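Report on the following structure.
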Amino acid sequence: MATDKRDFTANELMVCEAARQLRDGEVVFVGIGLPNLACNLARRLNAPGLVLVYESGAVGAEPKRLPISIGDPSLVTDSLSVCSMFDVFSYYLQGDLIDVGFLQGSQIDRFGNLNTTVIGNYQEPKVRLPGSGGACEIAILAKRVFVIAPQTKRSFPERVDFITSPGFVDGNEARRKLGMPGAGPSMVITNLGCYEFEDGEMMLTSLHPNCTLEEVRENTGWNVRISPHLTTTKAPTIEELTILREELDTSHLFI
Amino acid sequence: MQLDNKLMSMHEAVSRYVHDGDVIVIEGFTHLICFAAAHEIIRQQRRDLTVCRLTPDLIYDQLIGAGCVRRLVFSWAGNPGAGPLYALRRAVEQGIPNPIELEEYSHFGMVARLTAGASRLPFYPLRNYMGSDLPRVNPRIKTITCPFTGEELAAVPALNPDTAIVHAQRADKNGNAQIWGLLGVQKEAAFAAKHTIVVAEEIVPEKTIRDDPNRTLIPGLIVDAVVNEPFGCHPSYAQGFYDRDNNFYVQWREISADVRRFNEYLEEWVFGMADRAEYVSHAGDSLARLRAGTHLCEPVNYGY
Amino acid sequence: MQLDNKLMSMHEAVSRYVHDGDVIVIEGFTHLICFAAAHEIIRQQRRDLTVCRLTPDLIYDQLIGAGCVRRLVFSWAGNPGAGPLYALRRAVEQGIPNPIELEEYSHFGMVARLTAGASRLPFYPLRNYMGSDLPRVNPRIKTITCPFTGEELAAVPALNPDTAIVHAQRADKNGNAQIWGLLGVQKEAAFAAKHTIVVAEEIVPEKTIRDDPNRTLIPGLIVDAVVNEPFGCHPSYAQGFYDRDNNFYVQWREISADVRRFNEYLEEWVFGMADRAEYVSHAGDSLARLRAGTHLCEPVNYGY
Amino acid sequence: MATDKRDFTANELMVCEAARQLRDGEVVFVGIGLPNLACNLARRLNAPGLVLVYESGAVGAEPKRLPISIGDPSLVTDSLSVCSMFDVFSYYLQGDLIDVGFLQGSQIDRFGNLNTTVIGNYQEPKVRLPGSGGACEIAILAKRVFVIAPQTKRSFPERVDFITSPGFVDGNEARRKLGMPGAGPSMVITNLGCYEFEDGEMMLTSLHPNCTLEEVRENTGWNVRISPHLTTTKAPTIEELTILREELDTSHLFI
């Protein structure tokens, strides 16, 4: 039951669109915030058999409250398994068990490379960012990568200042040549639209309701490709919004 | 992750996930060795298997004597505390019932191979084998040089079996399996394998698993088949369920030393039985005597 | 194994096992981060430490701002969900209170370094870093070629800290420590270190440990000092004991952003306190509110 | 309270002598049979703080019955810790935590090398033995190695047919040159006497009561060195024998 009233936030739309892309039975490497909401929304709707793996070692969590941190105790209680971080990174992630990894980034570029390390020069940065965490290995090892990121001209440069987590590096063939096991980023969801990759390059595939191509171009640091089959992103349904607002993030911490 | 029902009989699990020519691991170090699975493989007359285990034990002695095996990968081949494995010896020394190839490591080497397999690394480095003749007779034990210190270390290749069969005290219907007592390399074997069969003494509700998530050794998401098989490890044991049948291990020396008695054993206890349940009722009181006493741990608090 | 009494105050443990210039790991991934130890290190005014953690978190932001640190080895430096670590930023960008060096990996790289350290391997191989700029800025991320497949993999060097400090829910007086909930890299850090301090919410009789041996993450034989420190992790948490103080993590953004407020915090909560017990009574009701609810697991049977 | 009556078996003497060599607080990698008895005897007498590590993963076991196999359930119940075999071999043994490793062998040679693999040629053996198990890595990694072995001319050849577990390989310098972390075999206890190593070569240091040098020479495959300070092995005391027979191995399974 779609609504075309503008009674949803950009974050809500991003969460709903990400949730729809998850398939039942997939194993997802989840982060806190919007990715966690997307996965839990998908579990209630299109993918009840989705298995959530947190880098902190909780597998199959069913948190009774909204987790604030990646190591929230609510991810442990009543989960299916808690394992060491060695197991998470070696056996789950490097072990080819992760179907979808979620990443966020301060910068993402034309080839889907992500930067969470520094703005400017590494040795004398303009802004020092937190660094990789698990992002580098998720980008390399997960079978597919979903990126959720707000879009501005500064956060969407043609080339990132520092590749923390490689996308397609400098084009389509790079991942294969470098021997990366995963297929790389398959979807980027911003506050303006959804992007997929063609020949390793980002391409706008759908525009969010009430967003324009001009906004996209103004907020992209290169001449972005537009899909010949450009569609409009489906607005969140009442059902999706109700679950998000009344069950998953009741205090509107992330949405 | 596979979403359809994984709960099935041992017959079905073996016919789906153990094929002629496959590389198979049935692990468990003294503890939780799933004889029920081996007996079903013998009943289904699988052939040309490559079977891998640290300790071939009686379980692979039986598979070898039954003619299921083409190659054995191992690190210690004896009947613990009770002499040699005679069916293995007959195959190696006389080609009875068929010749088999041996590929030999040490325990640490086998643990390292499965750890590499579970991690999808092509090799695992270890500080071992210098001065030993093992690398001379096994060309798959190589060396590697540390890029930081220049030291030369040993390297063994990953082991990624087609199917691993691991026994657990309890599992839910999705294969989330909990094990306590000796852990052996059950976790590494399950993660290394392309397919995993979990066999459990008890199938429990998912809530039992979720009540103590740190106890889960094998997550359901890597499990293809779940089989409920009480007493499925006899004559091996399951901590908290039944003791090891040490007498049978001693008796096996006499049974396996004599081809006729070996075959009689298979006829009576393997081919003569439809499944493990029939084996258990055929064994009767001798199994009941092995049932474990009670020694409960204290619960811990998962609250927040 | 050390045989004399290991049970001591945090003051004594830090003065014995944390020295100026040492390489220190205080681990715990969100869970079981031992702030009590960091505060004692600050009180004892240790200098020139190399501090290593996956997530420096507030605990290393405090050590850095207090002038204890010369070098930080890490993989994710933020205040989880609440912005940057400002004391770290001030040290890096303005050299306040002193400049610090950064050595940067990803989480997997740090886990691998500690695993190599615990295994006394000089390096650990992993399938990572290709296409990333991290190896360009960190020459300690190298490559290694698999002797079996010829594949090129990444390699990171072992991390063997002088001292690891790990918090556990409970330990006996010999340091046999049991942990449940998130395990992080507590085990790897303890085995990798030359000395290990175990800090526990509760000191329990040896019998409690022996009742559930699979729950023991760290054996006493690698432990040098055992400290009993209830609420020793606040504002981090201990599953089954108290919740994370998420509000304090948010407040820290304001505190750490302002040198004056940062120093006031240290004066009041670190230098102003003789030990953790005083901190706990100073905090009063705000800690009592975090006390965990009850969510007990079922016991398992260790009988045979 | 020593007894010089011949009221003990060779196995009892070997167990008692091995027990006496263990120091309080040491961490021992134990096998089933005589080594297990020696360690448990030492824990009751000279080394109450001895920590027993079994390759099956049980640490600090206090078995309530005599363990028949290396994975006996009685090693688990009431132990201090049970860990995976990865942990045992990587973190304990390779991690330099094992002070003493016990080995047994079908053959041991002049340089302390042990053979548990084959008698004769590897490809076409006269006798196929069980193989290494954990012995190879114990020999290389434990700080000291104790060997308990019955002695005959066949089991004490000048060179073993196959080096499963290296001692000093071919002399004193080999271990250092090959980069082996452990110091190698420090003591060999047989039914005839005790041996230590000088320049990497086995040397008789004590003769058991009622055993002769002739017996030793008859049962050694090379011209064995005799220590200039040769002593007589101390006979088991009544206290040792009582503990062994009435507490540790009441059904005389191994003694």
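Per-chain residue numbering starts at 1, and chain names A, B, C and D are given in the order in which the chains are listed.
Here is the rule we go by: a contact is a pair of C-beta atoms (placed from the backbone, for glycine too) under 8 Å apart; a residue touches a chain by one contact, two chains touch by 3 or more.
Source: prediction; values computed, not measured.
**Student:** Counting C-beta pairs in contact, which comes out ahead: A-C or A-B?
**Tutor:** Taking the two pairs in turn, the one with more contacts turns out to be A-C.
**Student:** Taking each chain's centre as its mean C-alpha position, how far apart are chain A and chain B in Å?
**Tutor:** Taking the average C-alpha coordinate of chain A and of chain B, the gap between them is 40 Å.
**Student:** Approximately how many whole Å separate the CA-defined centres of chain B and chain D?
**Tutor:** So the centre of chain B lies 29 Å away from the centre of chain D.
**Student:** Once you find the CA centre of chain B and the CA centre of chain C, what distance in Å lies between them?
**Tutor:** 37
**Student:** Touching two or more other chains, which residues of chain D qualify?
**Tutor:** Residues 58, 73, 76-77, 82-83, 90, 94, 181 of chain D touch two or more partner chains.
**Student:** Residues touching two or more other chains, restricted to chain C: which are they?
**Tutor:** 120-121, 126-127, 151, 180-181, 183, 187, 211, 214, 237, 239, 243, 292, 295, 302-304
**Student:** Indicate which of the five shapes (line, ring, star, complete, other) describes how the chains touch one another.
**Tutor:** Other.
**Student:** What are the touching chain pairs in this one?
**Tutor:** The set of touching chain pairs is A-B, A-C, B-C, B-D, C-D.
**Student:** Any idea which chain C residues touch chain A in the complex?
**Tutor:** It is residues 29-31, 54-55, 74-78, 80-81, 84, 89, 92-93, 104-108, 111-112, 115, 126-134, 137, 151-152, 180-185, 187-188, 237, 239, 243-244, 246, 249, 292, 295 of chain C that touch chain A.
**Student:** Which part of chain C faces chain B closely enough to touch in the complex?
**Tutor:** 120-123, 125-127, 140, 142-144, 146-149, 151, 153, 155, 157, 169, 178, 180-181, 183, 208, 211-212, 214-215, 237, 239-241, 243, 292-304
**Student:** Spell out the residues on chain D that touch chain C in their complex, using ranges where they run on.
**Tutor:** Residues 24-27, 49, 51, 58-60, 62, 73-74, 76-83, 87, 90-91, 94-97, 181 of chain D touch chain C in their complex.
**Student:** Over in the complex, which chain A residues touch chain C? Could you list them?
**Tutor:** 32-33, 55-58, 68-73, 76-77, 82-86, 89-90, 93-94, 113, 117, 122, 128, 130-137, 139-141, 162-166, 169, 174-175, 178-181
**Student:** Provide the residue numbers of chain C that touch chain D in the complex, in ascending order.
**Tutor:** The touching residues are 1-3, 118-121, 176, 187, 191, 206, 209-211, 213-214, 216, 219-222, 302-304.
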